[in-house]
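Both complexes below contain chain A, partnered by chain B and then by chain C.
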Partner chain A sequence: MNNLKILLQLTKRSAFVVVLLFFLSLALPMPSSQNVIAGDVLAEEVKEGGGVELPQFEAGQSPVSPQSPEGQPAEGAEAGVAGGEEEEMAPVQYRAFFGMDSRTVVWIVSELHLMFAAFVLGVPIFAVIVEIVGFKGGDIKYDKMAKEFTKLLSAAFATTASLGGLLGFCLFGLYPEFMGHMTNVFAPTMYVYALMFFGEAFTLYAYYYSWEILKGTAARKWFHITLGVLLNLFGTGLMFLTNSWATYMMSPAGIVPATGKVLSLYHAFYNPLWMPVNIHRLIANVCFGGFVVGAYAAVKFLGAKTEEEKAHYDWMGYVGNFIGVGALIPLPFAGYWLGREVYSASPVMGNIMMGGAFSWTFIIQAILIGMLFIGANYYLWLGMGRIRGSERYTKFIKYLVFVIFMCFAVWLTPHNLPLSGEERAMIGEQYHPFSKYFGVMAAKNAVVNLIILSTFFSFLIYRRSNKGEMVPFSEQGRAGKIGIFSVLIFCLLMLVSYAISLNFVELEANIKVFVKPLIRALYIQSFAVCLAVFLTFKNRGKLAQAMLFGVTACIAVLYFWYYGFEVMQKANLVLRYLSVTQVSIVMSCLIMNAVIDIFMFRKAKLVGGIAWGKMPVRSQYALILLCVVIVILMGLMGFIRSGLRMDWHIYGVLQDTSQWAYTPTLAFMGRIVGLIVALFLGLVTFVFWLANLGEKKEKGVLKEGCELAEPHPEH
Partner chain B sequence: MNKSMLKITAFGIAVIGFYIYITIYVAGLSGTGGGETAGGVSPEAGENIFWGDGQCGTCHKIGSIGSATRGPDQEGLAMRAEERAKELGLPSGLDYLVESIVEPDKYIVKGYDKIMPKVYDPPIMLSREKILAVLAYLQTLGGEADINAIMKYKDKIPEASKKKVKPWVPPVVVDAKEGEKVFFDETRPVTCGKCHVVNGRGKKVGPELTGIGAIQTPEYFVESILKPSAKIVKGYETMYVITSDGIPYNGLIKSETEEELVLLKEESGEIEEVVIPKSDIAEMKKQEVSIMPGNIGELLSVRDFYGIVSYLQSLK
Partner chain C sequence: MANKRKTFLFIWIITAVVCLFLFLKYASPKIFQVLMGKGHPMPTPSTLMMWYMIMGVLAGLVYATTSNQKFVDFLSFLLPDQGPRIKFFLQKIIFVGFPVLVGWFVYTWSIPGAASPVELRIQHPTLPQDFEKLENPFRQADADTQRRCIEEGKILFQTYCRPCHGSKADGNGPFANSFRLRPINFQDPGTIATVVDNYLFWRIKEGGPGLPSESTPWDSGMPSWKDDLKDDDIWKIIMGEYDTAGVMPRQREKLE
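Coming up: the complex of A and B.
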C-alpha cells in the first residue's frame, strides 16, 4: 500500500507539473524581438561598465558556495538586482525535483537504468553462448532461442538508453556541483563512453538484423558470432567505464582531496574498488540474464496452447535456469572479494557495512540468496520428474532439502541481535550463548560453501538422471584424458600457488602460526584432486567424485567452521586468508567434479528421454520466483553499495550537504526497492509485449493467408 | 489480460510484498524503526534520526528497543521531563529537553556522567531541523508531540557547522588498522579486546565501543585510556564489597539476584568471576576508581597508543 501511495504521489505531482507547464506555456509571451534587444542592451551595459564578472573557477577548484546547509541559497546570496542591477549568479549546489526528494528520484531512475543495463549486458552474453552451442551442436532450436532473445534485447536497449539519458539529466540538474566534480575528473572518459555506446548500438543492430543473412556457411556464421562477441565487448567496456565512476565515489583516488585537483586520471579510473565491482557485476549480469530468460520462458509456458510450444518453453526455461545457477555459484566468492576490498579501501566503510548501519541489510540479503538457492534446487528436483531414470536419484532430495534449510537457518542468524534488559538479565550476557556462534563469519562462510556444494550435487544428479551404462573412461580416447589433465594442472596451479604465497605473508610470528593449517589444507586438497584424477583414469570416476566431495566438505565446511572460530578469537587477521583458502578448495572441487562428470557420462547409454513440456505448473512459478528475487537482490545490493558512502557524494572528498544526506531506514529502503522492482518488471513485460507485437501480426497474416489458401489444396 | 498472466502478476506482487514485509520486520528487529523516512520536523523523522544520523541509540535505549546503557533509558521521557522541569524551576518539560540537548552537561541525571556530546558539533553535526525533529520524537515518549511549541525554540538551537571538519591528526603517523591489531592482540600485557566489544568482537566486561567514534572525540579517548577513572560510564563503576568474613573484593557487577552477586574482578591482567552470596555481604559501595588498569599508557608505545585512538575514532 505504501508503494501505491508513493506511486500515486508521484503521479499526482507529475500531473500537476504537466498541467502547470501547459498553463505557463500559454501564459508566457512568445519570444519577441523586443525582448531580444533588451537582453542585448543589458549585455552591452555590462560590457561597457566593466560590469559584473562571472565567478571563474580553475579546474579542480571547488567553488565557494554561499548556500545554507539545506542547499537553499543563503539570504545574502540573492544580491538584489532590482532596478536593472546586475545579478551575480551564485553556483548552485542542489536543486529539487519539483519539490520532491531529489535523492529518491535519482535512486529510482538510476536503479531502473541499472536493471535494464544488466539485462542488456547479460542477455547478449547468454545469446552468443547459446548461438555457439547451437552452431557447434547443430541444433537449430538453440539458434532460434538466441535470436528470440536478441529481438527482446533491441527493444530493451532503447529503454535502457532513454533511462540513461533521464539519469544524466537528473544528475546534472539536481546535483550540479557534484557532477561538476565528476566531469572535472572524468571528462575524457565520458567521450569514450559515448563512442562505445555507438559501437554497442551498431553491433547490436548488425547482430540482430544480419541473423538470417549470415546463415548458410560456417564462415558466415562465425562472422555473425564475431558480431555478437563484439557486441559483448562493447557492452562490457561500457559497464567497466561507468563502474569506474561509481567506484570512484566510494574509493576516490588520483586527486588532491582538499581541492579536487586531478593528479592521475588513471588512478581515479583504476581505483581500489573498480576491478572487484567489475567482476562482481559481470557475473551478476549473466546470472540476472539467465533468470530473466527463465521467467520469460515460464510466462510463455503458462500461456502456451500446444504441447510443442510447452516443450519449447520448458526447454528454454531449463537453459535460462542453468545459466542463472551457473553464474550464481561463483557470485558469493566475487561478493566476498568485493567486501574484503571495501574493508581494505576504508576500514570505516567496511565497519559500516558489516558491523554498522548496513549489517542488517545482509540478513535480508541472506534471505534473498537463500530463496534463490532453494528455488533453483526445487526447479531442478521438479525437472527430474520429466526424466525417465531419475527415480534412482530422487532419494537424495530429502537429504539435500535438510542440508540446504539448515544452512539457510545458520546464514540467517544475526550476531548482534539486541536483547531487551529482561532478556539480558535472563541470559546473563549481551548475546545468546548458543545462537551467537551461528552468526559469526566463520559459520556463515562454512554454510555458504555447503549450500554451493549441495546445489552442485543437485545439478549432477539432474544431469545423470537419464544416463545409464557408461563407457569406461580408459576407452574414451584422448580428448577426455587431455581435458581432465588440463583441469588438474589448473586446479594445482590455483591451490599450490596460493599455498606457497601464504608462506610469505607478512604477519607477526605469533599470528603467522595460524596460517600453517591453511597451507596444509591446500596441500591436502591438491592431493585429493590428484587422487580423483588417478581414480578416474582407473575407471572409478564415481568414487573419485564422492571422495573429492567428502574431502572438500570435511576441510572447507567442517574443519574451517571450527577453525574459523579459533582464528576469530586469536588471530583475526588470518580470517581473510582462511576465506580465500576455503573458496579455492571449493572451486577446485566444483571444477574437477564437473569435468569428470562430463567425460565420464559422455558416451553413456540413455535410460530414457527427457519429456520436455511435462513439467508441473509450480515449477514455472519457481522460475518466476527466481527472476523476481534476483531483481530485488539487485535493488538491495545497489542500495548497500551506494548507501555505504553515508553523507558523502564522494567518500571523504565531497560531502553531501543537502537535506537528504541521511541514511534511510530499512523499511523505507524496502518500499522504494519494492517500487523499483515492480516498475522494472512492469516495464520489462511491456517491452516484451511490444517486441512480440510484430510477431503476432506476422503470425496473424500468415494464418490468414493459410486459411485463404485452404480451399485451394493444389497450391 | 488472460488468466495465467493475472496469476503471474499476483505471484510477483506477493513476492515483492513478502520482501517489503521482511524489511519492515528486520527494521523493527534492528531497532532502527519501521517507519518511513520523513523529512521536516515530525516525530517520524525524529525517530529515524534518533536511531540513525543522531547516533542517540549508541547511548540510550527506549524500553525494550535497543540495548545501550551509557545514558538513561528514554522510555517515558516526556513525563519525566515535566517532573524534572518542576524540580528545576523551568517553565516546561520541553525547556528541559531543549536545554539538555543544547547544553548536555547542564542537567545530569543522577548516576550518569557528563559524556553526552553536543549533537550540533562534529562529529555528529545534526542540523537545527533534525534536532527539532528529534525533540518532536522525544515528546512522544510518554506524551504527545507539539510541533508549534517546538518551533518556538528554533532560535535557541545552534545551527550545525557545515564547514569541512578539520580531521584530528595524531602527532605520529599511525594506521587505524594497526590500532585494531593492537586493540585485539592478546599476546600483549594489556589487551583492550579482553574487556571491550567492537562489532561483536571482544569480551563484554567494560562498555561496548561499537560506534563510539561517532559520538566521542579523540581527546575523550586519550583521556579515557590514560586516566580511566576520570569518567566512568554508568553501570561500569567498580564496587567494593566486604564479606562478613572480612574478605574485600573490588570489581564490576556482572549480575545480581536476591540470593547472590556475581562480581568480575581483575587478577594479574585476567578477569575472573566471583560469586558472593548476598547473605555474606557485610558492606558494599561504589568506588571512584575504574577497574580498567591505570597504567595502560606505560604499557603501550606512542605509535600503538595513537593507533588505538585512531582505530576508536574510525568506529563510526
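Coming up: the complex of A and C.
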C-alpha cells in the first residue's frame, strides 16, 4: 500500500515536471530553427551536386578563428559583416547548450550513457553463464541469482536507452557539422544499429519476463538460455557498431583526408583501433558489471534483516567480486594492446598519451587499478575468515600484502617525478633511480604480471580453504587425466605456435636478434608446463604448482623487467612481441595451475563448509569501494580515450574550431569526472531502488511461503 | 603466551613502517650512490617518499584488518591490560610519541621557508601535426650514405650539442651544471629511445621557444636551431645523436 502511495506521488510529481517543461519550452526562444533549415538546404544542394563528398577540410589546416555558438564568428572576426541572407544560409558548425559549454555537456551525457551501457552489456554475459551453471549443476540458487542480475539489467536498460537518445540529440544539435560528416560516412551502419537495438530490447524483455514460464523442462530452459545468448549477441553487436564510430574519430580510415570523401565504408568501420577497443570494452564491461553487482549485494547485505538474507547477499557479493576480478586479470593485457595500437596509429597520439599531456592521468589510473587489485584481494582474505579450515593458509597473507603493495609502489612510480629545484640539484641528473627503473613500461608490465599472479594465488588459497587433504591424482580417474592433458595441449599450442611464429616475423636482422630470447623463454615455459603435468601425475601437484609459479615469475617478471629495458633502447619494434610473450607465459601458468588445483582437490573432503553471511562489515565496504573505483576508472579512461584527439573531432581530418577546443586541466577533468561518477552512482541507486519496489510488495505477501535457502557450500 | 605475543601486532606494524622510512631516507640514497657509482648520495624525492610511506601505512592497516582476530589483536595493544612490562612501557611511548610526531610534522610543514615549487613535469610535449608525417630523408638511404650521415651528424652533435648534452650524450656537458633542469641524458632508455626521430627534429628546430601552449609552464633551456642549422644537418645530428647515445629511435609500427 505504501508503495502504491509512493508511486502515486511520483506520478503526480512527474506530471508536474512535464507540465513545467512544456511551459518552459514555450517560453524559451528557438533560435536555432532557421539555421537548421539553412543547414538542410545546404545539404540538399550538396546532394544535388552528386556523390557523398563532404565539406572540405584540409589536413593540418591551421585552425580558423574560433567560432562562438550558433556558428557565428568570434568577436572581432571580419566574417561578421556578411549580409543577412548569406548568414541565414551559412551552415551551422556549433551550437551551445543553453549557454553552457557544449563539449562538457556531451562529455557528461556520453560518459553516463557509456557507464549504463557497460552495465547493460556486461551483466548479461555473466547472467547467462550463471544460469547455465545453475541449470547444469541443478542448483536453484544460481538460477535465482541470475534472475536477480537480469532484474537489475532490465531496470538499467531504459535509462541507458534514454541517455543514448539524449546523447544523439546533443550531438546532432550541438555539433551539426561533425555529425554531418559522421552520418555521411556511417549512415548505413546507423540503420543496422537501430535494428539491432530492437533485437536487444526484445530479447532482453523476453529473457527476463519468460524466466518463470520457461522453467520445467530441459528444452524450455535451453530455449531460455538461447534467448540470453541472443541478448548478448545483440548487445555485443551494438557495442561493436558504436565502437567503430568512436574509434574512427581517433584513427580515421577509408576516406580521403583532404576532402572527407568516403572511399571504403569497410575500412572506416574496421579502422585500426576498432578491434582493440572492442576487446578492451568487452572485458571491461564484464569487470564493471561484476563490481557494480558486488556493490549492490553489499548494500543489500548491510541492510539485511535476517541471516538468510545476509547469506544470500554475501554469496552474491562474492560472485560479483569473483566476476570483477576474473575480468580484471586479462584487462591490463587488453589495455596494453590498445595502447600499443594507439602508438601504431599515431606516434604523436601515443606520446601525448603516455609521455605528454595525458601522462599524469595514467598515474591516477595506476592508483585506481592498484586499489582494485588490493580491494579484491582484501575481500578474498576477509572471506577466508568465514571458512573453517582457512587457518592453514592465512600465513600466506602477509607475504601477499608485501608483494602486492611493493608492486603497487612500482606501478604508480612516475617516470617524471615532481621535483623541487633543490632535489634536482641534489640528485644531480634528470631521473632519480626509482623513477628511472620503476617509471618505464618494462617495469610496469613486470609488476602488473606479478600482481596478477599474486591475485591468482590469493584465489587459490581461498578455494583450498574449505578443502581437506588432496586426493592422490592417480585416484582422480580418466576425467582428471583427460582434463589435464587437454589443458597441456592448449598451453603448448599457445606457447609453441607463438614461438614458431616469432621465427618468421619480418624485421631487419639487427632487430630480429632481440626476438631470440623471447622464443627461448616460450620454450622454457613450455617445458615447465610439461614438467608440471608430469609432477602432477606423480602425485606431486603442489610442487608442480610451486615450480610453475616460480618459473613464470622468473621469466615474465624478473627477466622481462630487465629485458624490457634492453629492448626499449635498441629495438622498440620487439616490445610488441615481448608483451605478447609475457601474456602467453602468465596465462599458461594461470590456466595450468587452476586446472591442476581443480583436479587435485576434486574429491577432497570439505573441512567445515562456508558460513555465508558471517562476513565483517568492512568487507562490504570494500565491495562498495571497488564499485566506486571502477566507476571513477571508467570515467577517467573515457576522458583519456576521447581527449587524446586534442583539438580534432576526427583526428587529422576534421578540426574542432569551437571555443571549447582545448585540453582541460587535470583539475577541471577531476571535477567533471567526479560529477559524472556522482551522477552515475546516484542514478544507478535510484534505478535499483525502483527495481526493488515490486519485490518488497511480493515479499510482504509471500513471506510465509518463501524460503531463502542457503547458497551452495562449495562456493 | 601465544595470545600475548599476538597483541604486539600494533608494534610490529609500526616497526615495519619506521624501517621503511629509515630505508627510504638513509639506506636507499647510499645504496644508489654505490650502485650508480656517484660521488654523492641520491636522496629519495619528497613526493615519492610521501607516496611510499602512505603505501607502507596502508599495507600495515590492510594486513591488520584481514581477519577479525588480527583486528582485535591490533587494537588490543592500545587497551589497558595485564600484559608484560614491555607492553606497558611501549604504550606510554606511543601515547607520548604519537602527538609529538604529529606536532613535529605540523611544525615542519608550517614554518616559513624558501623552497622552489614542485612541478608536475610533462615528459613529451605534444608534437605539432606539421611534424608528425616528416620522415628522415637519410634513413632510407644505402648503408654507406647512412654511415656517412651518422659520422657527419656526430661531428655536428659535438659542435652544437656537446656543451650541454655531453660528448657521450649522457647529459653531462660542461654547461650542464648551470641549468636548473639538467640537459637530458639520451642514454636513458626512457628518453629519445621512446620517440620517433621526427620528434627530435621538432625539438631541435623549434627548441624551448617552440613548445606548445598546453602543459605550460615549460622548463626548457633548449635553444631554437632553425635559424642556424639546415634541415639536412638537423637530420644528421639526430642520427649521430642516437649513435652516440647507443640507442635506437622508436620505429613506426605496422598496424595489426
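Note that the second predicted complex is superposed on the first by the 604 of 715 C-alpha atoms of A that agree within 3 Å, B and C clash if a C-alpha of one lies under 4 Å from a C-alpha of the other, contacts with A are read in each partner's own complex, and residues count from 1 in each chain.
Quick note on the criterion: contacts are C-beta pairs under 8 Å (C-beta built on N, C-alpha and C of every residue); 3 or more make two chains touch, one makes a residue touch a chain.
Predicted model only: the values in this text are computed from it and were never measured.
> Taking chain A as the common reference, can chain B and chain C both be placed on it without clashing, or not? Answer clash or fit.
Chain B and chain C clash in the superposed model.
> Should A:550 be classified as contacting the first partner (chain B), the second (chain C), both, or neither?
In the superposition, A:550 touches no partner, neither chain B nor chain C.
> So, A:608: does it touch chain B (first), chain C (second), both, or neither?
neither
> Looking at A:188, would you say it contacts chain B, chain C, both, or neither? Reply first, second, both or neither.
neither
> With both complexes overlaid on chain A, does A:573 touch chain B (first), chain C (second), both or neither?
both
> In the overlaid three-chain picture, which partner chain does A:673 touch, first (chain B) or second (chain C), both, or neither?
After superposing on A, A:673 lies in contact with chain B but is clear of chain C.
> Based on the superposed arrangement, let me know which partner A:137 touches: chain B (first), chain C (second), both, or neither?
In the superposed model, A:137 contacts neither chain B nor chain C.
> In the superposed arrangement, does A:468 touch chain B (first), chain C (second), both or neither?
The answer is neither, since A:468 touches no partner chain.
> Based on the superposed arrangement, let me know which partner A:565 touches: chain B (first), chain C (second), both, or neither?
A:565: touches chain C, not chain B.
> Does chain B (first) or chain C (second) touch A:629, or do both, or does neither?
first
> If the two structures are placed on top of each other, which part of chain B overlaps chain C: 62-70, 80-88, 152-160 or 278-286?
The stretch that clashes with chain C is 62-70.
> Report, in rising order, the residues of chain A that make contact with chain B in one complex and with chain C in the other.
347-348, 351-352, 354-357, 360, 415-422, 424-425, 428-431, 439-440, 568, 570, 572-573, 662-663
> Which of the residues in chain A end up touching chain C in this complex?
Touch residues, chain A against chain C: 59-60, 272, 340-341, 343-348, 351-352, 354-357, 359-360, 374, 378, 381-382, 384-385, 394, 397-398, 401-402, 405, 408-409, 412-413, 415-436, 439-440, 565, 568-573, 576, 616, 618, 646, 652, 662-663.
> With touch defined as at the start, can you tell me which chain C residues reach chain A in the complex?
Residues 28, 32, 35-36, 38, 40, 42-48, 51-52, 55-56, 58-59, 62-63, 65-68, 71, 115-127, 129-130, 132, 171, 180-182, 184-185, 188-190, 193-196, 199, 214-215, 246-248, 250-256.
> Touching residues of chain A toward chain B in the complex: what are they?
Residue positions touching the partner: 2-3, 69-70, 101, 298-299, 302-303, 347-348, 351-352, 354-357, 360, 363-364, 367-368, 414-422, 424-425, 428-431, 439-440, 508, 510, 568, 570, 572-573, 621, 624-625, 628-629, 632, 647, 655, 657, 659-660, 662-671, 673-674, 677-678, 681.
> Name, in rising order, each residue of chain B that touches chain A in their complex.
Going by the criterion above, the answer is residues 2, 4-5, 7-8, 11-13, 15-17, 19-20, 22-24, 26-37, 39, 48-49, 51-53, 61, 63-67, 127, 129-130, 159-160, 162, 164, 176-177, 180-181, 184, 186-187, 197-201, 204, 208, 210-211, 213, 254-255, 314-316.
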